[in-house]
Structures are given as structure tokens and as C-alpha cells.
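Okay, got some structures for you below.
What follows is subunit A paired twice: with subunit B in the first complex and subunit C in the second.
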Partner chain A sequence: QTVTVEVLDHLEHLALVDFRDSEGIERLQKAIQFADQLHEVNTDGIEPMDSVLEDRCLYLRDDDVTEGNCTKELMKNAREKVEEYFVAPPGNIPLPKLEEQDTFLQGS
Partner chain B sequence: LAPWVPVVGLEIHAQISSNSKLFSGSEVQFAAPPNSLVSFFDASLPGTLPVLNRRCVEAAVMTGLALNCSINKKSLFDRKHYFYADLPAGYQITQQRVPIAVNGSLLYSVCIDNKMSQMVTKTVRIKQIQLEQDSGKSLHDDTRSQTLVDLNRAGVGLMEVVMEPDMCCGEEAAAAVRELQLILQTLGSSQAVMAEGQLRVDANVSVHHPGEPYGVRTEVKNINSLRFLAKAVDYEIQRQIEELESGGTILNETRAFDSKLGCTVPMRDKEGKQDYRFMPEPNLPPLILYDTKSLPANMNHQQVVNIDWIHERLPDLPSVKRAKLVEQYGILPEHSFTLLNEDGLTEFFENVVNQTQMKPKKVIGWILKDLLSYLKQHSLTVKESPVSSFVLADLLNLLEKKEISSTAAKQVFAELWKGEGKTPLDIVKEKKLELIQDQKELEEICQAVIHGHENEVIMVVLR
Partner chain C sequence: AVKGTLRFQVSAALREGQITPTELCQRCLSLIKSTKFLNAYITVTEETALKQAEESEKRFRRGQPLGVLDGIPVAVKDNFNTAGIETTCASNRLKGYISPYNATVVQKLLDQGAVLVGKTNLDEFAMGSGSTDGVFGPVRNPWSYSRQYKEKSAPKSHSEDKESEWVIAGGSSGGSAAAVSSFTCFAALGSDTGGSTRNPAAHCGVVGLKPTYGLISRHGLIPLVNSMDVPGILTRCVDDAALVLGSLAGHDPKDSTTIQDKFKPFELPNLPDVSKLSIGIPKEYHAPGLSSEILALWSKAADLFKSAGAKVTEVSLPHTRYSIVCYHVLCTAEVASNMARFDGLEYGHRSDMNKSTESMYAATRREGFNAVVRGRILSGNYFLLKQNYENYFVKAQKVRRLIAQDFGKVFGSGVDVLLTPTTLSQAAPYTEFIKEDNRTRSAQDDILTQAANMAGLPAINVPAALSERGLPVGLQFIGRSFQEKQLLTVAKWFEKEVKFPMIQLEEVKRHDHGVFQHQKSASFS
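The block that comes next holds the complex of A and B.
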């Protein structure tokens, strides 16, 4: 089972991970093969487990204000700020298609 | 031309009325200095974990019960992934697989032909109610090509109410949302003020020919009021019909409502169909709710949400309140709708009724025709009325005791509206509006009129 260009493109858009070189693609394929071993287990008639916490009690907190008011601390993480607002680029910058990526990254 | 059947569904996000956020202890407040109501968890700093707020769970259960839903005793949290500057974690915690409440219904009324006297009851099915986090706020600064992000709203609890596509036009959509708004406000689970972003509505619209499958739907966002909701839905229905009739196709896209132009436009910044990569929220076990039967004996009651306990304490819903008003006061159903539709009006009406001998059926006319029209003319709320219920009751008592005529009463009311602090009796005396009851005095006045108009009297006698 090979990873197609479409799947690669899709994954890069979703995860913003760079698979650009062939080593990356091979590593991805190996990772998928490794995970596919799960299919060897017979799970017929078994309820899927979606959390190892399934038997734990979900703790409920009282509705009290106990946090916040630490603007100064938080803004320390901001590369850029304007009057205590975080600054971000205007909207999402869509990742270009696989073929255009070399030129795209050269510009950044 | 074959007829078109418009189909409208709604996704409504109601901000939960609570002191702190859904998964953190930072405060929930509308206007505050940017990024001052943000905890480390809300800012998505590594090493922080979500802790569920019990009040938010109770709000969702209350709302589910009020909407006749089945409450899921076990519900799950999931992560919905997408990238946006006001979503610092890169995902939103929501309930995609098993939400807290499902399969409910909402009854609402619409007027036929804009006549309040002909109201029809409609039902819209509630697909589900889910708990989820709100995102932060983005302020777009196009001149400097940047976005300013305020995370005060990030993590505030939301109830997403999904209404099935059982509605057919803007009026139905607006009426359904209005009723939901009244229910939420009565429960106190959300203040549901659209203008403050506490109630946000997205409409899903499509059209098809009867007997054929549903058409492609578009999602309409950026609707800030009930009026705009009706306009946006009706515009979109028309646009789709015109597009299809001229041989075009409808794209499954998201559109924004432009209130200035009164139309919907495609939204920019959409990179095609989103893949949200839903996955279970690994940091939260399932949410278990109890009822009196399933309640374990030794559990700490602070850790328990008991559905039956909440059910017993539900207040009277708007539909019940209306029915009680009609029964208790003998007013018409459409009157009860208007009473509940204006904040404080029911209370005002009941206060007047309690302070006057005039029958409620007569009082209601004064409330809905005189008081309400004056309030609307001057854009005032009931709370801001220059005429209090006490003063109005005083006036109505004069009318009831036949000390003044109803025409005179309306004059007095107009004068009272100036809010100069005069009592109704003061004004009646000032303007000499008292009804004369003395037989002799009335005869003298009539005689004087007849004497003063001899020619007219002759004309009448000759006829």
C-alpha cells in the first residue's frame, strides 16, 4: 500500500507537517504499516474503547472564578502585540499544492 | 413552473450563563480588558488540563429537559481540529459522537398573514444539544494586514442546539429562535441576548421540488438579530430558486449575510471541505449523569448531577406561563404572546390588575394598545416607562368609577406620559375632565346649548 500524492497533500494541509523529502514519505509509510498491525487483533463483538479513563469518574468543578487576570504573564509569549491583543496574520494562509511548495517556502 | 419547497435547519450556539468557563476557572464576562479573563488553559499553554464546570452540565440538562429531549446518562467529549488564530489549541472540545441530549422538540407559533389573531402552532425537532467551548475573538485589521486576537471568550461554555430542517421560511426560523430564546431566559441557562453574541444562529438552507430529494444546502452565517435571520433565510431561498431556475447549480458552501445589502455572499477564507479529524478527548472520562433510581448511595453530592432533581425544579416554561395567563385573566392567546414577548410587561400587567377594580380583560387593552404603543414610539423598555403600574391603576380606577370618560382617560394618559410627577386626579382637575353626574347641572348645560343654537333646533324639529 503506497501513499498517494493526494493523501500526502491532504495530510500536509491538515497537520501542517512537512513530508517533502522521500525519507519523510518512507517514514510515513513505515508508520502506517506499524499501526496496521492493530488489524491482526480480532475485535468482533467488542465495544471500542475510546479512553483509558473510561472507568474513572469525571471530576466536576464548582462554578467559581479562580483564574485569569494574568495578561502580563500571557503576553510574554506574544512575538507581537498591540494594546494587549495578540497579533496574527490576516486569516489563514492556505498551504499551496505540493508542486508549488518549493517556491512558497523559499519566499518565507 | 413546478413549485419549490424550501427547507431550513438551524444550528444555534447559546452561551451558558455561568460565572466561570466550561473547562477553566477564568471569569465569563462580556466587556473586559483584552486577554484579562484568560487562564493558562484557555491560552492553551502546554501542561494544562480541562476541568469540567458542574454548572455548565446542569444548564445543558435543564435545557434538554425543557426541549423534551432524552438526556444521555453517558455522554462523551471529542476534539474537533482546525486552524484559526482565535483557537489557540488548534482544536475545540465538543461532543460529536454522544452529546448530552438528543431527540427533543420545540413548539412555536407563527401568525397567518401577519394577523396576530390567527396563530398556528408548529413543531421543530431538536436533533441534539451538545456542550462545547467557545473560541476567542478575532478583530480584523485590514489596513495593517493583521488580526488582533482576544482570548477572553475562548473556553466559555456553549450549548449547541441543532434544529432539524423542519422549517420552511424566514418567519418560521425567527419564531422558533424567539421561542428558544424565551425558554433559555426563563431557565436562566443562557441570557441569550443576540446583540451581545450570547445567541448565535447559523441557517442551513436548500430548495427542492416536491417528491424529489433535498437539494444542495448552503450554510448562512453572520446573522446578528431575529429580523436579519428572517431576511437572510428568505433571501437565500430566493437566490437558490433563481439560480436553479436559470439553469445554474447550488454549491455546498458557507455564505455570510450582509445586513447592509440585505443579501448573502460567499465567505472568503474557505479552503474547501474541512476534515476536522474528530477524536475522543483523551483528558476527559465519559460524563455520567444520574437520576434518583441510578444514584449510588455513598457518592459525594457535589460530584453528582441528578436529572430528576433538576426536572423537579424547572420553572414554568413560556408556553405554560401563557396558558396560565389566559386562564387566570380571561385574555386572548395572542395577548399572552405579546405579554411574554416584552421584557417586564407581564409583571406590569399583573401589578395593574392587582391594584384596580377594572377587569383584566379591559386592562389588557390599556396595556397592549396604549402603554405598549407609547413605549414603542419612544423606543423605551417597560422598565423605562414614565408611567408606573401604580399610576396606571390609579387612572383606570377613575375610569372604572365613571369619574371620567374613556376619551378623557386617554387624554390623561398622554399627559401622564410626560412624566411630570402629576397624579391622574391632578390632571383631571387641571383639565376639568370630570364626568358630570348631577342631573340638574346636565339639564342646565343642555338647555344652554339649545338656547344658543336656535336655528339648528328649528331645523331638527322641522325634520
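The block that comes next holds the complex of A and C.
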């Protein structure tokens, strides 16, 4: 079954990248088809595996401050900044809905 | 000098003063310049390399080298952070990003006195199996220009474009593999998530080692799939790989996924003995599309082990054909998560759009990622949607356990090492390769390598022979978790048996005069 435009739009909002053109949507369809092969495997009674190191204890180091004070270094790579702040455009403004957008998905 | 191997030749030469670190560095740098057409390097760190070489020279003069790696030129894949040096991941996303720190593995190399000559080219964000999808262009396999390949190519009329015959280097660590293969450095770091170190190693005729997950620190390696990524090691011989492994492995407090067991660097025996070993041949690795040449080579290799007294048996890894599907889901899911950090605010490319935070993020990401990366992010997000989570992501995690269990059963039954092909065929000409899209290619090419990443096992590509067209073909050994010593011992034995020929490149001949003329055939015949 094909993916609905609603889901495609939802994905674009979640991922904040766009499909750009029909090729992008095709690609997703093919990816889903490919992944569907997983359903041929019988996994009854099998636990999902998060990590190959699941039998070991995760390493926790002591709660000591050993490094830091690198504000200047880190700020060097930001394009827009003021003093020690990264400058972002205003937040809490949702992206335009599909109908209001000028994207490829509008026409599909 | 540039053709020598690390352990036996170059290090000894440096210690005995036959060549100085500065000379060695300069030779490598000029070789990089004359092999620029390979496009193996994104950044050549000429100034810092010469400085490092100078420091190294001072240490040698005092008789106090830091170790075997002191003064040795190395290259690092451009998805490892290197302080003060641009790190791009071959993407517009990170063009101009100057790392504020060194990845742990880079720091370890520098602490041992290694000389960093440059950052190597890759597929954008390490996604791909050809090193053809980065913004700096594709990497060319040095063997395309070897005498061996040129002799076997059908004679073409002069009017035909000889340029279009070059073959791919494999990926995604193609730049690193090409750099080692063309003698511009003695060892290179790659990364391996689905075969990204072993695949280009096979195509470029070099040794490519994927260590056990958890052995080497990933701190500073820009992540693709956190549960499968490992730094990979590319060298011209197995001994060198063991050497580099020795200086990189071990617990890192900055990477909590590194195991805490103390790592003991090892030297491989001079005369490895495989007569007491059990070699497994997984029948499912006779995958559709496997070239008859490689099949024959695989068979011959099995016979070699048999004649040496090893026990060679056919084994079964029943879920092999699902591993690529499983990988596809888990990889895209983890990628969707890992790529979320690229929002333009703290580093990297930032769009001029400033109506709102969300629209700035969206525009920045739109502008910075290529189609492959975007495709994986969108697929990953699809599989992680609430309505799909159980059916795809969790299902894939369950299949992952089945795959890991397959290996567990085989190793548990007494098999020490598995012998399989690394790739389905020799390197394809670039024009052929780009006829299919990235995902299809990756699905085809990763088939033999990525199950090892699923299970976290160590695996190594050893160059085995030249194909009929004069291109390298390698075979893969997969070992038990954390049994790198045994794995590399088997690999070394095999390497000695097959005596893979040295690449004959015009450019290198012109550069290589002096010290090593008589020694260059010491390790290879």
C-alpha cells in the first residue's frame, strides 16, 4: 500500500528535511517494500537486541569535573552569536501547514 | 621508502637513521600531490604534518622515539574530529567546520608521534559503498592506473575516453583505502558500520580490519549507527594492522561503549600455524551475484587451509539473507536520530532563513544534505513512527538477535574463524556503478560484510589475488568477539600463502629512489 500524503507531510515535519521530488517519495516506497521482508522471519519469543554488549555493565565514571571551560573554542564554529549565546530566530512558530506551503507534496 | 611496511621496514629505517621523519613526510606529501587525480584526500595538512615530522626528528636524534608509530605518516577519514583541522564528512553540512577537539583514536596516534598527512575522502556522512557520493567528488581506485590493470584492459582506439575506464575505490572509506594503496601513507583510519572499511580494502588491495565493537573508542567519530559503528584500520599488511590496533584499542572513559577489560597489545607469530584451527565456510555467503572468479578463489582458499591441516567445515548462518534488511531498518532509524543534531545553530552550515527556528532548521537541513542522506533520514523516521515502531524497528532488533545467535551457535560448536568473500565482485568501473542508486548499491555490496557489524564481531579483509582484469580481490575472515589475535594470526598466515602482488604505479616509481629499492619486495613478491 502506498504512503498517504498526510504521512509524508508528517515525516517532513518530523525530520525537517524534504522529499524534494517524486524520486524522493519513490525511494521511501522502495525502502518500505524492502523492509517488509522482515515479516517473513519468525521472531516469536525473541527479545529485541539493543546492543551487542548487553551482557556487560555500562561504564560509569566518577562524578568529577575533569574538563570544560571551552566556551570560546565552541563558539568559534557558530555563525550567529552574541557574547556567549547562540542566536536563533524566534521559536514557537510552527511550520506552515501543507495547504499553505509551496512544496512538492502539494501537487501529489 | 614509501613502499615499505611499517613494522619491519620503515620503523627500522627511521631508528637507524637511514631516512629522517621529515624526508619521509615530504616524500608522502609530494606523492599525494602527484596522485591528486585519485581524489583520495579532502584536506592535506601539509604544514602541521611537517611540524609533527620535525618534532619526531628531534626525538629520534635524542634517541627517544615514542614508539613504532613515531614519524610515520598516517591519514584519517574525514568523519573523525581533528582539532584545528576542517572535518567535513564530505558534506555541505559541515563545510568549514573546524573541529575543536581530536577524536580519541586521532589523539592516540598523535600521542605516539604519528604524522597526520591529511583527511581522506568518503561517501557523504559515510553512507555508501563506492565513495562516489561525497560533495568533493568520487575517489578513484589507484589500481585503475596500475600497470596490471592497464595491461589487461582491452585495447581501445585513441579517440575513446580513457578517463571513463577508472574503477571505484569502494566505500565508504574509499579515500583511506586509496591513500594506503597508493603509498601516500602507511596506515589510515576508516570507519566500519556495514563494511565501510573492508569493502574498499578489498577493491584497493589492502588490509582492512574491523575490530570488535567496544574495543576501540568511538569518541570523536561522527556517528552513523551508534550500535554498530567502529573505527576501522587500513594498512598494507596484517602485521601493520596488528600494530595500529595495539596503539588504538582499550577502554576510553569518554566512550561508555568501550569495554573495561584491559587490552594487551600483541605481536603476531613470525610463522603462524593454522593446523590446529577449525575454519568455517558459511554456505549462505554463496550469495546471488557472487562472481565465479571470487567463488573459485574462496574455494581455493578453503583448500589451502585444508592442506595446512586445519579442519575446514561448511557451516550455516540461516538468517544471513535477512541481515541486510535488518541493517537497512536499524541503520536508517539510528541515522534519523543521529542526523538530528545538524540544525545549523552551533556549527556547520546555516541557512539565511530566519523567520522562525523551525523554518531555519528545515531550510538548513534541506540545503546541507544530499539525496542519500535525506532519503535515509526520512525512511528512518518512517520506521520509528508510533504505528510502525513495533512492526519495523523492534522487529528488526529481534532479527538482529537471531543473526547474532547464528554466529554464537557456529562459534560455540568449535569453529574458530569463518572464511567468506568480502565483496560480490571486483571493483566496478565508475560509469557502471552510478547506473544504480546508492541504496540499491549498498544493499548489494554490503551483503557479505554487514552481518559482522550486526553481531559486533571482528572481521578483516585480506587481499587474495588479482582478477582476470588485473584488479584486486580480497577474502574476509570473521572471528570471535575480542579474539583479534587469533583472527589476525589466521589472516597473516593466509597473507603469506597468497603473496598478493604489489601495485605497480608510474607515479610511485618516479618518486621512489634510494633506500628501499632492494627491500621493497620483502613482504610481497
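The rule is short, and it goes like this: the second predicted complex is superposed on the first by the 96 of 108 C-alpha atoms of A that agree within 3 Å, B and C clash if a C-alpha of one lies under 4 Å from a C-alpha of the other, contacts with A are read in each partner's own complex, and residues count from 1 in each chain.
As a convention for this text, a residue touches a chain if its C-beta (ideal position, glycine included) is under 8 Å from a C-beta of that chain, and two chains touch if they have at least 3 such contacts.
Quantities reported herein were computed from a predicted structural model and do not represent experimental measurements.
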| item | value |
| --- | --- |
| Partner chain in contact with A:L53 - subunit B first, subunit C second, else both or neither | both |
| Subunit B versus subunit C, judged by how many residues of subunit A each one touches | C |
| Partner chain(s) touched by A:E84 [first = subunit B, second = subunit C, both, neither] | first |
| Which superposed partner A:I32 touches (first subunit B, second subunit C, both, neither) | second |
| Touched partner set for A:G68, first subunit B, second subunit C, both or neither | first |
| On subunit A, positions contacted by subunit B and by subunit C | 10, 14, 16, 50-51, 53, 56, 58-61, 70, 74, 77, 86, 88-91, 94 |
| Residues of subunit C touching subunit A in the complex | 97-98, 100, 213-214, 227, 251, 253, 256-260, 319, 322, 325-326, 328-329, 332, 336, 343-348, 350, 353-362, 365-366, 369, 371, 374-375, 377-379, 381-383, 385, 391-392, 394-402, 404, 437, 439, 443, 455-456, 481 |
| List of subunit B residues in touch with subunit A within their complex | 18-20, 24-27, 33-41, 43, 45, 51-57, 76, 81, 83-85, 138-142, 145-151, 268-269, 271, 275, 277, 280-288, 302-303, 305 |
| Sites on subunit A touched by subunit C in the complex | 3, 7, 10-12, 14-20, 23-24, 27-28, 30-32, 34-35, 37-41, 43, 46-53, 56, 58-61, 70, 73-74, 76-80, 86, 88-91, 93-95 |
| Subunit A residues touching subunit B - in the complex, by the definition given at the top | 10, 13-14, 16, 50-51, 53-71, 74-75, 77, 82-92, 94 |
